[in-house]
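Pasting in a structure now, in structure tokens, and then I'll have a few things to ask.
In order of appearance the chains are A, B, C and D, and numbering begins at 1 in each one.
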Amino acid sequence: MKDGDYVAVGGCLFSRTPLALVRELLRQRRRGLTLARNLTCTEGEFLMVAGAVERIVTAWMSIGLPWGVSKVMRHYVESGRVALEEWSHLALGLRFRAGAMGVPFLPALTMLGSDLMTVGGMKTLQDPYTGETLAAVPALFPDVAVLHVHRADMFGNCQIDGYPHMDADIARAATTVLVTTEEIVTDDATRRHPDRTVIPGFLVDALVHVPFGAFPHECYGLYEADFDHFGEYTAAIDAAGPTAVADYLERYAYGPPTFADYLDLFGGERLARQTRRARELTASA
Amino acid sequence: MKDGDYVAVGGCLFSRTPLALVRELLRQRRRGLTLARNLTCTEGEFLMVAGAVERIVTAWMSIGLPWGVSKVMRHYVESGRVALEEWSHLALGLRFRAGAMGVPFLPALTMLGSDLMTVGGMKTLQDPYTGETLAAVPALFPDVAVLHVHRADMFGNCQIDGYPHMDADIARAATTVLVTTEEIVTDDATRRHPDRTVIPGFLVDALVHVPFGAFPHECYGLYEADFDHFGEYTAAIDAAGPTAVADYLERYAYGPPTFADYLDLFGGERLARQTRRARELTASA
Amino acid sequence: MSTLCNAAELLAVMASRQLRDDTTVFAGVGVPLLAAALAKQRHAPRLTLVIEGGIIGPEIAPGRLPISTNEMRAGRRAQMLPGITDAFLFAQRGFVDVGFMGGAQIDQYGNINTTAIGDYWKPKVRLPGTGGANDIASLCREVIIVTAHEKRRFVPRVEFVTSPAWLRGDGSRRAAGLLFGGVSRVVTTLGLLGFDPETKRMLIEAVHAGETVETIRANTGFELGLAPTLETTAPPAADELEMLRALDPERRFLG
Amino acid sequence: MSTLCNAAELLAVMASRQLRDDTTVFAGVGVPLLAAALAKQRHAPRLTLVIEGGIIGPEIAPGRLPISTNEMRAGRRAQMLPGITDAFLFAQRGFVDVGFMGGAQIDQYGNINTTAIGDYWKPKVRLPGTGGANDIASLCREVIIVTAHEKRRFVPRVEFVTSPAWLRGDGSRRAAGLLFGGVSRVVTTLGLLGFDPETKRMLIEAVHAGETVETIRANTGFELGLAPTLETTAPPAADELEMLRALDPERRFLG
């Protein structure tokens, strides 16, 4: 990853966010990045406060409904220090999918007539068969994709449980693909469930084994998002403004030398509790 | 299903072909159908000989490599009695996908420059961003889709094991969706593995429980295609020409009143052998 | 009767009554999802929820309401998890009957702004953005807005059209390429609003018990016509409130 | 040495040598798939097979060669089963290094006809059709054709271009919108053919041991130039033949 790269982040909002990779990106003190993510959460605030991003391309940015509109986002966007380029959720999904399919655009019926059309420079075209107007959603080919998955083998074949978000399309669209995984499995394990593989190994440039690599965000079936932590985080921002995030980064990103040290800040009890909650929610069927 | 309908058939070649539904369609003596299938096998020959189809839209038609070019297909197509409209395999897949996505076309880089462009009336367009020429693959919205799946619940939610072929796109593209399933499962069973559902119940108009519903074609993990049967079938055609297929239809389609009677013609030993072979091939990982 | 419940409860009950059985509904989190869960439990058992996080047919557990569309509470006991893009594509293909969502700022043609107050690139107030709201408004067969009725929310013309309804009311929705859909109804804390079939301007279809045309007009920033027949909604029934409260015992969305 | 093996075996061995390790190859069933399986076993252990039926990374079992691209023998121990459309889309995105396929009729620019002899709508002989051949020829980064060398197959101009290579050799491939790829080599039972970098006409790059430029020209229906340096291929080695024969003990494709 280099300064100025166009970086797509997998997962969605506080689900399966590759936070271990975001932490690494912060520690490398990258600058001038463009961040593309369908719904942007704390990781977007981190990168804003760290001065790493110039532009965020997204459909929505805040932590989550109960915590209201992101004060950090408002501070950086209203002051013009970071540009927020808004696309509809489907349009952003189709931008990744067009990239994944290797075509320069995909036709769609969304965003038409809205003022969002003017923000990112979306064009329209006429269907060559009927003459109807369609949105021409432009492909997005990120320089780098950072993703977190449930399991992967030594060849880089990745499997994801539960809702897949946009990771499969992002991996196909990006030039370089960096993946962290909850679990490393054998070649045989992949071959026992080939219909569960969503990213083939030939797309993956680097793979690292990082259990809890999305924490305190969630990983389907493994651990629930730590809403208490979000509450403490936003309370600190309510009290002190964006500098609270700078303090947070000191404590969680720059301070702990390893990801294990980072997880120790949450403590084993917290991880166990969130694991238990995830099992309750997904084992209930 | 009505005479004149545009019918899309799920599966691919001799894999997961909805033969119980094709048999029903033959027994209803439908006429004037257009058949769309990516790779067309015995079911296409049946419909030709029965006089049910006017046109077959496909990328390839024969039984399989070892049995050479389909003599039935040659007979009907070279004499002009059935039109064979050829698209590339990906283009046909994208025609279903465009239908599934609810757009009138999808851009692609395939078929360009070839003489296939002229067969089905494919148009090109200019990418509105770069001006490059692209194929505009037209959506296909079949009147009826006939599909065979591994399992479904009472709400019509369908799950498929192994290679998915184009069934999910076909189900979304079609107006009416008819499904046979190897197994009916409970609502709870679907909800235990929601990431395996590929067709949601709200797309499905009719669902019938038909074990071995693709036999003598294959169903991934459950039974292998009966190549011996194909050999006997093609040997009869080699000896007697297309009338051998008419005899075959008498014996397998019109004769046996129920699908169970149809399966009895193959015999339990044959079904058990093909089941064993499938298990060997898919349990070996 | 309506004094027996608060405004959020009234809104959720009135919204839930809009949903019919054997349909599909694309529901946003918060009151819309709560109302859809109530409808499914009470009168629409075969209602299929479609949730933006790429979730179809979940069973929302009482007391474990999701706060986002992309989390295990939203996906609990789902029937299918197609992913975000494909969930929206079901709507684009015409398979989603109702879009059910809130709105920060709404105008007389039903257009919604959840993007920014002031110039887009130099906003006075930056809101979180569309999320999937634009897509729901563009692609569902029918859209129902669920919102508190406040004058500052009901403006003559939104500064930025995030989610298109009837645009300028002059056929501009269809002309833009949106082949179907549009907002059919706005459910508020004061009454039910619809749209004139010709002008596509908002009008009053019903008032909630205890409210009047005048209270509605006083809380709306533009002129509101009247539907040919004006109804008064039946107040929330005891069983509706009981079921609703059981769904949100922590009063996460019911206040 | 070449008398020790038959033509199909020679073809499969020569074809297998074209494949390099750490690449992806889109292989058609028959000799191409057999050759790819041999390459993977012998010198390219990290070769990833992509099969038209929507299969990535299978391990073809000796003695259980698939006869179609859509069956359990082709999918055995696969690493991924993305489906047909998505398998081709990997190629369209540029992820497939080599397309590896046969051809009924090929012309001096590498274009292939597997559709029809005679008028398309009133064919003298209807062939089975393209299947995925057109897509492989359009979308892989490089295409290698594997075919028996017979005069009736090597025609000056195919009657119908099913699978485009260099079209008319005048830049028409790129002009048609095909951004990359094209046939780089034709492996036959007599030798290896390439294309002139300028004219895109086929030429002889190598002859198999025992064959000559003359025998190749005599079995070709158009004029064949010569590459600047003409090679003679090493005959199939004992271990190549042994591995190959073990893959197809029933001699389904080895004749």
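The working rule: a contact is a pair of C-beta atoms (placed from the backbone, for glycine too) under 8 Å apart; a residue touches a chain by one contact, two chains touch by 3 or more.
Keep in mind it's a predicted model, so treat the numbers as computed, not measured.
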item	value
Fewest hops from subunit B to subunit C - one hop per pair of touching chains	1
Farthest-lying chain, centroid of Cα atoms versus that of subunit C	D
Of A-D and B-D, whichever chain pair has more C-beta contact pairs	B-D
Centroid distance [mean C-alpha coordinates] between subunit D and subunit A, Å	41
Centre distance in Å when subunit C and subunit D are each reduced to the mean of their C-alpha atoms	57
Length of the line joining the C-alpha centres of subunit A and subunit C, rounded to whole Å	27
Subunit A residues counted as touching two or more neighbouring chains	102-103, 108-109, 124, 132, 134, 162-164, 191, 194-195, 285
Shared-contact residues (touching 2 or more other chains) in subunit C	75, 77, 81-82, 89, 92
Category of the chain touch graph - line, ring, star, complete, other	other
All pairs of touching chains, each written as two labels joined by a dash	A-B, A-C, A-D, B-C, B-D
List of subunit A residues in touch with subunit D within their complex	99-103, 153, 155, 157, 172, 187, 190-191, 194-195, 197-198, 200-203
Residue numbers on subunit B that touch subunit D, as the complex places them	12-15, 38-39, 58-62, 64-66, 69-70, 73-74, 77-78, 80, 83-84, 86, 88-91, 93-94, 96-97, 108-116, 118-119, 124, 132-135, 162-166, 168-169, 218, 220-221, 224-225, 227, 278, 281-282, 284-285
Residues of subunit D that touch subunit B when the two form their complex	29-30, 52-55, 61, 64, 67-73, 75-77, 81, 83-85, 88-89, 92, 115, 120-135, 138-139, 160-164, 167, 172-173, 175-179, 252
Subunit C residues within the subunit B interface of the complex	24, 46, 48, 56-57, 59, 75, 77-82, 89-90, 92-95
Sites on subunit A touched by subunit B in the complex	102-109, 123-125, 127-130, 132, 134, 136, 138, 161-164, 188, 191-192, 194-195, 285
